Amino acid sequence: MDDKQWERFLVPYRQAVEELKVKLKGIRTLYEYEDDHSPIEFVTGRVKPVASILEKARRKSIPLHEIETMQDIAGLRIMCQFVDDIQIVKEMLFARKDFTVVDQRDYIAEHKESGYRSYHLVVLYPLQTVSGEKHVLVEIQIRTLAMNFWATIEHSLNYKYSGNIPEKVKLRLQRASEAASRLDEEMSEIRGEVQEAQAAFSRKKKGSEQQ
Amino acid sequence: MDDKQWERFLVPYRQAVEELKVKLKGIRTLYEYEDDHSPIEFVTGRVKPVASILEKARRKSIPLHEIETMQDIAGLRIMCQFVDDIQIVKEMLFARKDFTVVDQRDYIAEHKESGYRSYHLVVLYPLQTVSGEKHVLVEIQIRTLAMNFWATIEHSLNYKYSGNIPEKVKLRLQRASEAASRLDEEMSEIRGEVQEAQAAFSRKKKGSEQQ
Amino acid sequence: MDDKQWERFLVPYRQAVEELKVKLKGIRTLYEYEDDHSPIEFVTGRVKPVASILEKARRKSIPLHEIETMQDIAGLRIMCQFVDDIQIVKEMLFARKDFTVVDQRDYIAEHKESGYRSYHLVVLYPLQTVSGEKHVLVEIQIRTLAMNFWATIEHSLNYKYSGNIPEKVKLRLQRASEAASRLDEEMSEIRGEVQEAQAAFSRKKKGSEQQ
Amino acid sequence: MDDKQWERFLVPYRQAVEELKVKLKGIRTLYEYEDDHSPIEFVTGRVKPVASILEKARRKSIPLHEIETMQDIAGLRIMCQFVDDIQIVKEMLFARKDFTVVDQRDYIAEHKESGYRSYHLVVLYPLQTVSGEKHVLVEIQIRTLAMNFWATIEHSLNYKYSGNIPEKVKLRLQRASEAASRLDEEMSEIRGEVQEAQAAFSRKKKGSEQQ
């Protein structure tokens, strides 16, 4: 396919990313109006560059006429504050009726060898196009800010210096991922303690009001 | 309802407008990639201000507990270049599976007494919210740039000087609407002639290539 | 220049268009808060496609190393409701200190042979880039909704069927432009009458309050 | 000031945030075209809610007629991948000619007692308004993803359970901030090692090409 054909091929994927970005950001807006903690901190989306699509197709021996089976041409990323938020967001996505979850991979229960942590869902998204309804695969990654921090840096190091990352540096990256994960857990525990302090405070306040 | 309650009440309507804006703008993007004339020139959307909702509820005696029956709390406007584009857009909206058309009013076949021209569709839009699927009514107005030009000015005159527009000025507005409508037709006819010129040109070119 | 080099060359022009779109749209927001008639109805912006840049460079014999002298690589369009708004917007742009007006062409006082009407300003916009301040030329077109309606259609006919528009159709386009211009004037006059009606109404109201 | 007056007062601050968001995001776009590591990962902006303005004015005894001296009514936040990027971004902001830096606070060299880390700049931003040029104060915070991760959670805990956070939990938050900071340093060191590996790899490649 030449540039123009790739552009045309990617149009439905771009449209799916734009629609899902607005839809998922809408979840955060709802919580803001309820003045409640939003399980979603922010949402980003992108369409895989053609060069990366071709590279992955070679790596995974996906023939061009089956390129639509590639799950992450359209990609969304949902960032959460706490690890527990990931489960809440996952359940919300499963409950939606505007797409169907067709695959999932839990790289949190079992992180990748590199130290990468994230929860991946693959959904089949029905898009209304000029020539009728078309379904496209979209990968949705759900991760904490700490996981995102680590993954963003690991990605830019890998991308920038692909093939040149010595083994001992990879080891340090894995340990850094462990440290980020412990930080996640620590923040969740702190939140738990603060929630208990909050509950005790409310009970005490109610008790003094009734006397 | 106080301000905060109105804000919360309008959240799903704001979300529906944002989602439908991205979806309808996506139609134009498709045509741009096909390097073809897009029946949609641009799309705008708004949520009705609370003051206007209350004013219309009074005017139409809609009790507050039935306010969700008001059809244009969420509103979208699709502008087209040519009158014929309106029919194409209408058919596209009827063909979509992400909402259902529940009402329509043809102010083009029969314009309002003021001279107002537009095609109105009312759709029931299924919104995925944190507490499950919620359907909201959305009014979609489809009009030409000329109709929009006239309606924008008539609206701002009406809004700015409501109650002070003398009868003879209203008459001039009606005549201006007729002139705008003739201009619409003239542009459509010109387009028809140019399309014929284009076809004749292509036939002539093919003929000379075959000799 | 290959695709990548053109993309890099256009980066400052894209940035200038994005910054000026936000700045000029901000003018409308101000009027909305003052609950006053905004002289600006809406703003659009675009960077000239590379193919059109090359075509214009050939037509105007601009050598590639002087391409930065082309005034409309970055383009903004300001739409107004009334012809008188154009003068107000013009004065606002001259008064700004974040760019300098370096050229202007009044196709309203003297429309183009085709019937095209618009007021063109060319400004030198100082852009803060990673390697210091860079000045880029930006063309700002100011026109009424009616002028825009006509120009949008004339452009799409010309673009779609370039070279195939017969003389007699061009003549009809010119006449349609006259009709659009008369419509503009008619709407301005109506506005004038309505303003008088408004003033008379306020005087009458004040009079009855003082008795 | 009633709601309407506050809205009008905040209009220039909203406009300044919108303009600076587009300007600062433009820096990242430039690096993307150069296919280079961008010191800016992403930019967010917000206008301080009226309730928070009033609360801070009380806390800092700023009289209402001097409210314009409050430095963070308009606020932008620049997130970086590496600690070293913060210095690069700082120098870029100082070099710009579209605003002047009037104040700075280095909460990285010396973090707040809570554990909060960020670099704060206060700039005087010249805004072109309908009634001429108006200068507004804008606070720009520059921080790493790790600092942002910690600060986002500390803020939501503080906001949600203000007054109920027991001392021992504050202590854990401080320790978590230390851990996040060590993670930052670790990632920077890893980057340093990878850069060396990259340089060694390029030298080796050049050497084998010359033989």
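Order of writing sets the labels: A, B, C and D. Residues in every chain begin at 1.
Methods note: a residue touches a chain if its C-beta (ideal position, glycine included) is under 8 Å from a C-beta of that chain, and two chains touch if they have at least 3 such contacts.
Just so we're on the same page, UniProt names per chain: A, B, C, D = GTP pyrophosphokinase YjbM.
Note that this is a predicted model, so its numbers are computed, not measured.
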item: Intersection of contact partners for chain A and chain B; value: none
item: Longest centre-to-centre distance from chain C, chain (CA-based); value: A
item: Gap in Å, rounded to a whole number, between the CA centres of chain D and chain C; value: 36
item: Euclidean distance of C-alpha centroids - chain A vs chain D, Å; value: 24
item: Approximate Å spacing (C-alpha centroids) for the pair chain A, chain C; value: 41
item: Multi-chain contact sites of chain C, meaning residues that touch two or more partners; value: none
item: Category of the chain touch graph - line, ring, star, complete, other; value: ring
item: Touching chain combinations (by label order); value: A-B, A-D, B-C, C-D
item: Residue ranges of chain A touching chain B (in the complex, touch as defined); value: 7-8, 11, 14-15, 18-19, 22-23, 26-27, 29-31, 33-34, 92, 95-98, 126, 128-130, 132-133
item: Partner chain D, residues of chain A touching it in the complex; value: 37, 41, 81-82, 144-146, 148-150, 152-153, 156-157, 160-161, 163-166, 169, 172-173, 175-176, 179-180, 182-183, 186-187, 189-191, 193-195, 197-198, 201
